[in-house]
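Multiple structures follow.
Presented sequentially are two complexes of subunit A, the first with subunit B as partner and the second with subunit C.
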Partner chain A sequence: MSWTPGDEMLVVQRASPPGAAGGTYRAFGETLRGLKTTMSRLVEGPKTISYPEEKVPVYPRFRGRHRLHRFEDTGLEKCVGCSLCAAACPADCIRVVAAENTPENRVSAGERYAAVYEINLARCIFCGYCEVACPFDAITMGHDYEMSAYNRTDLIFTKEMLLDEPLERTPLRGEGE
Partner chain B sequence: MPRPAPDTIAFTVDGLEVNAPAGMMLADAAKLGDVEIPVFCYEPKLGEPVGACRMCLVEIEGIPKLQTACSTPVRDGMAVNTQTARVKEAQEAVLEFLLINHPLDCPVCDKGGECPLQDITYGWGPGRSRFIEPKRHFVKPLALSPLIAIDRERCILCYRCVRFSQEISEDYQLVLQERGADSYVSTFDGHPYVAPFSGNIIELCPVGALTSQPYRFRARPWDIEGSGSVCLGCPGQCNVEYTVRDERVLRVLSRQHDGVDDGWLCDRGRFGYQSFHVDERVTHPLVRVDGELIPVAWDRALDEAAAALGGAGSDSGALAGGKTTNEEGWLLQELFRGALGSPNVDSRADGMLPRELHAALHAPALQATVPDLEFAHAVLVLDCEPVDDQPSLDLRIRKGVRRNGVKLAVASSRPSSLDANAAAVVRYAPGAGEAFCAALNGALGESDAGPGSATRKGVVEELAEAAGADADAVRALAAVLADAGEDVVIVYGERLTHGARGEDAARALLNVCGRVAEAGHDGAGLLEVPAGTNGRGLREVGVLPNAAPGLAPVSPVGLASAELGASAAAGAISALYLLHVDPLRDLPGRATWRAALQRADHVIAHADFLSEGLWEYATIVFPAESYAEKEGTITHPDGRVQRLRPAIARPDAVRAEWNVIADLSKRLGHDVSVLSGAMASARVFEAIPFYAGLTLDELGGRGLRWPARPAAAGWPAADTGPFGLETPPHAPTPNGALRLGTFRSIWAAQEVEVAPALKFLRQRQRAELHPVDAERMGLAHGDRVTVGSNGSRVQATVVLRSGVPEGSVFLEAGIAEESASELDGGGLVEVSPQ
Partner chain C sequence: MSTDVTRPASEYRRMEESITMAPLEPVETGDDVNHELLTLNMGPHHPATHGVLRLLITLEGEIVRDLKPIIGYVHTGIEKTAEDKSYWKAIPVVERMDYLAYFFNAYAFCGATETLLEVEVPPRAQYLRVIHLELNRIMSHLVWLGTSALDLGAMSMFWYCFRDRELILDLFEQSTGQRMHTRYIQVGGVAEDIPRGWASKLKQFTDQMPSRVDQYKDLLANNEIVLQRLRGVCPLAEEELLKLGVTGPLLRATGNPWDLRKATPYCSYDHFDFKIPVGTEGDNWDRFAVRVAEIYESVKIIEQAMDGLPEGAWMTDDRKVALPPRHELATSMEALIHHFKLVTEGFRVPPGEVYFPIESPRGELACFVRSDGSSKPARVHMRDPSFVNLQATAPMTEGSYIADLIATLAMLDPVLGGIDR
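Now for the complex of A and B:
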């Protein structure tokens, strides 16, 4: 059964097709107008950034992949495993399992430390709330934005990965750049 | 004692007119008008307020100074202001003061996120501190006990924990040491605070000063979910809330129910959850092949079990342990009576009571409730030790005595922890409960007939002697019960009605009850402490050899547990079905049961742990659910039907047990058509006349007492006495030997042995002796001895207790090694040094 549109059908009104002169102008005139911009920029040389050999420097407040920090003097982790980042996270991508420091195994400066600290970067929306929530400045948003992986589970970053220096550092945009 | 029924008065709080019961504390009464007054030290559960923290200061018109709302009762026409500048200033000052020495380590504190100090500081605090001086420092954290960590820096000296120890659990261990700013909570001389109820102070602490060691740093409040259910550890059936993270129970909190637990938990219930998640747990069906239990698929285990049961037919028997729910119990008796035609099902440990006596002992007219203990004129604790058998009752009885002047009488053979609170104490020989009841009945009759009536006089002496008790003490106890008033509650242990003479003991008990408690009178009657958690429910759903569901008559009558054991040992029983029970551990007569398990062709068990009897003799083991995984209903000793809800998923291959039993029943050709837990509950409510009309929704989270519903008329009528009784037999005369009494302590449980946090409480056999007996035998405290009788013997360590009656020795039953159930004999044992 064929469909009858009834009264609700809209009638599309089109302009009449251009004539020979109009068609020619459309084909060449408009193209030349566009090429004018191209030609005038030609003298400036190419602007292409050949990523990944070359990278765009990021601004200091760029929110890239998270980093966990250690105290520089003692080497202890700043994170005490308080889970406040997990509480603040709107994407629910942080998982913290805490444990207690012992004299033989002192990991962090406080009584507790994060035995498991995982961020699922496949879920992370890079809002930076975790950084704001952290009472010890243990987690900050880094400048790394190269986080593609062949496997989703590879995007779950563990504590060791987050504590390590990124393999290749992202260039930082300087003052006034 | 009638419960207080205060008048309603009207007062204004912040200009709002509020009605409240007279005498209610202002802090509580203001809540009725939706006005919150912040408090730290005030906790109505702890009794009288102390006004220690000063957080609740309010302005009362007509009183020049600010008053503490927690210790000021409301009066008619009182006008209270909680929002004036003066109150605000006081609240801010108090909080600033409390925070002076409080470390701001909330990120590492376990209380962070659920901390009253945090909440109140946000709500009422000054916002900034002027204090720049160094804070007070203590060593932290310290172990107050293996279960509790104390952080003294965080303590705000609210006295809650100390009050709990001094006035609620009355273990008198926690004290506040030093004075002023140096004060700290401690035990005398720094001894660990180990007590049956110590865990409650963790929940009471309004800051993070007292934290649970097993829960330490496990999760934060936003990582977890709460899930309400009922604890299956003991007949107290306390309402609990499981803290769940990632399908694991991490903590157990109290879910206050004044009709059941009053908001307290014992440490076994609070920390026993660890046993749900240990490696020892059975999580796959096991079948014995070539002498070894190997994990198999469900189908194979069920097929083999069905074949074994089908082959055995009526030569089979089933025992249900206390942790069985009503649904599982009902399905079990359906499986045995319906599918196998075997009447041998039992849930009691020892002996068989006639149906009429079950009906009489639990008649709704004679049934006392748990709150009745608090408001009774007198309470008789008979042949049980509440702190071991049903810990929540211990606190309830102490509360009644302390706050409402309940007269407490204790009659038991083993010294009780309630002795110190009792107005009268009688010690009788182990196992002579019947003779004691008869003597008490005589003494009560004597006081009815007027003091010193010559005819009865000799009888009480004679019966008291038969019970091995002092006749004057029995008279004094009778006087306490007779003179107190009409509300008398008798709390008796199920073990009184165990054994060959259990029937006579039950009649003697009913005679006593008839004299002191009027049938049908609210607030008086009997309250049983069953031996198993759901002992009452299992009897009501028909897991008895002589009663069908609803205590209906049944024929033929089956074998009771002890007879079943003897019969199996003689080779007359082919298949034994053990639902949550290991006879070697839980039942008396170990030698007989060992022979029975060995002799039976098939021993099919539901168990979460392979205890000795199952490890050695079970042929098929089905993994049992832990009680956080269970679904179903259980019945409290006072008739409250409560609902269990699963808090976590069942691990590995564990299956719901109602499902397993229903499946077996179906394979054996008796389809009970139960496809879900709710259907099983519906079938139970349908099958039992006095549960008629109950629904799971109606039970809800608080349960319902069926004796208070109209359907209670379906309870079978029974004669409640008085009965004419023959003279009870004389307790055995020691004659150089010792009378053997057994007990099962609160820690004698499987979960204590497997839960890592509780392992330090694992019980080892000890022989409790009177110092005079010990001296006679040349024994000292701590000596190793052998206790023997009829060739069976048990190794034990001597513990001297002056409260133990001379000529008796007490040994523990229900423990894994050297259990007292090893000893058989006529109640007399020889104690010899090793």
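Now for the complex of A and C:
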């Protein structure tokens, strides 16, 4: 080892050996000191949150279940089926099948649209890379974290499910709170 | 469904039966029944093994005579998976190895990649990394302290530690968007700047954390039962530990001040003034005291880093590596092309190999990356400290009581996600 620490080292204070004369003192004195920690918690009151009746609000950056978006004015889908999100996904859980928009059937604002858009939430690791990758802000990470299901197949979310408003909103807190 | 015992054994069953456990040395027992050896299987699902660790213990009465750790129950093949992903996509995967030190995993990997790429990380990003790494260290130590105290029978410690860990996870959620596995550290910097109001919340946390640790120490450090369980129990000499390659708080407990943050400063750790807690005897009590003292030092580092946080970019401006800023996507064709290229193929890394060691809460965590010049790593290997440290279990505990084995395992602080990878 070529390195000497000098005064950057801090030797931790060694406790005295158990038992002996000090043992009798510690059995009372130190136990009482420890109880001070325990008892002063009574004053603080409980920290428990009664989930699911009470929910902890999430922060704006929290990455929960994905949302697909539409343009507010025209109602057209923002997603153009470019599959960039699928390319970025480390868990390979997005499936996009694109189709051409036609004048009779215009779904998205671009030339093409996503005919199939599925996210397998059983595989998703909520890294948010899809959100980062999407150049059109079509997919974002929402705030919902309650996604358990009885069936694995129920965890494959289709385009319609991702476009819809979530059934129940997760409470959100402001940036500085 | 009936179980047909006459059915020919399946291929799997044959394979399973072909394995013979290494025979244990018979000890001359005579006809004294008290000296008979008992082989006991502990784990893989045992509350005291801190994960899915399986121990095959040979006992003579209550004394441990032999011990074999059996690992691999949470093998996930992450190293292999990383070879199939571009560097950018490998970050959240690699991050999931040691699930209590995710910032460290990500930083080891990103640091190795940055060394190969020779990108400069802006100072603000370095400081933000340090803050998050040290928060992560405190978080990991709190989990260790809570679960270890639980093993010793101090139940309320567990709740106190998890209450304070919650504050850290809250900070992580606010700044990175996720409580665990945050993918905050990226190649070339960090993903986002800290949000408004985060600094004051962090200040609140660093202000109260030392007094919280004081309370823990009041409860544990001189408690007669804790002393009986820890002091002078299962020591191992420095030379033995060095021979086994053990690092981190276990090695420092023997008085060897080997800490990579000081020995080979990385990520501007040399800007901060902090001390390295060391022990003297290297027994369980020293292991406990060193980790507790490290929490105070980490708080000091966070305070200094927050006070001296430089202004400026938090991501390198090297467009070959970093994604272009979002607002440019709508206006600049060049940015859009870069974005497509980085997301689909990723950046290419010049050929070479690098070993990038950092000090994780459990010791030297290093990432070895070999690049063949393509956009995917040719090999990723993690030197995980838990894996190396686990080897010391047998020499530490041979000849001690089985109850002390539990305490030693707790003080060893193994994380099975990191061991099995």
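Heads up, the rule we're going with is that the second predicted complex is superposed on the first by the 141 of 177 C-alpha atoms of A that agree within 3 Å, B and C clash if a C-alpha of one lies under 4 Å from a C-alpha of the other, contacts with A are read in each partner's own complex, and residues count from 1 in each chain.
Rule of thumb we're sticking to: contacts are C-beta pairs under 8 Å (C-beta built on N, C-alpha and C of every residue); 3 or more make two chains touch, one makes a residue touch a chain.
Computed from a predicted model, the values in this text were never measured in an experiment.
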item	value
Broader residue contact with subunit A after superposition on the shared chain, subunit B or subunit C	C
First, second, both or neither for A:80, with subunit B first and subunit C second	first
Touched partner set for A:98, first subunit B, second subunit C, both or neither	first
First (subunit B), second (subunit C), both or neither touched by A:61	second
Set of subunit A residues, in rising order, touched by both subunit B and subunit C	84, 87, 135
Parts of subunit A lying in touch with subunit C, wherever the complex brings them together	1, 3, 5, 8-19, 23, 26-27, 30-31, 33-34, 36-38, 40-41, 47, 58-63, 84, 87-90, 125-129, 132-133, 135, 141, 175-177
In the complex with subunit A, residue positions of subunit B that touch it	105-108, 112-113, 141, 216-220, 222-223
Subunit A - residues contacting subunit B, complex	80-84, 86-87, 96, 98-100, 110-112, 135-136
List of subunit C residues in touch with subunit A within their complex	85, 88-90, 92-93, 96, 156, 160, 163, 173-178, 181, 183, 192, 195-197, 215-216, 218-224, 227-228, 231-232, 255, 257-258, 262-263, 274-281, 285-286, 289-290, 293, 297, 323, 329, 336, 339-340, 343-344
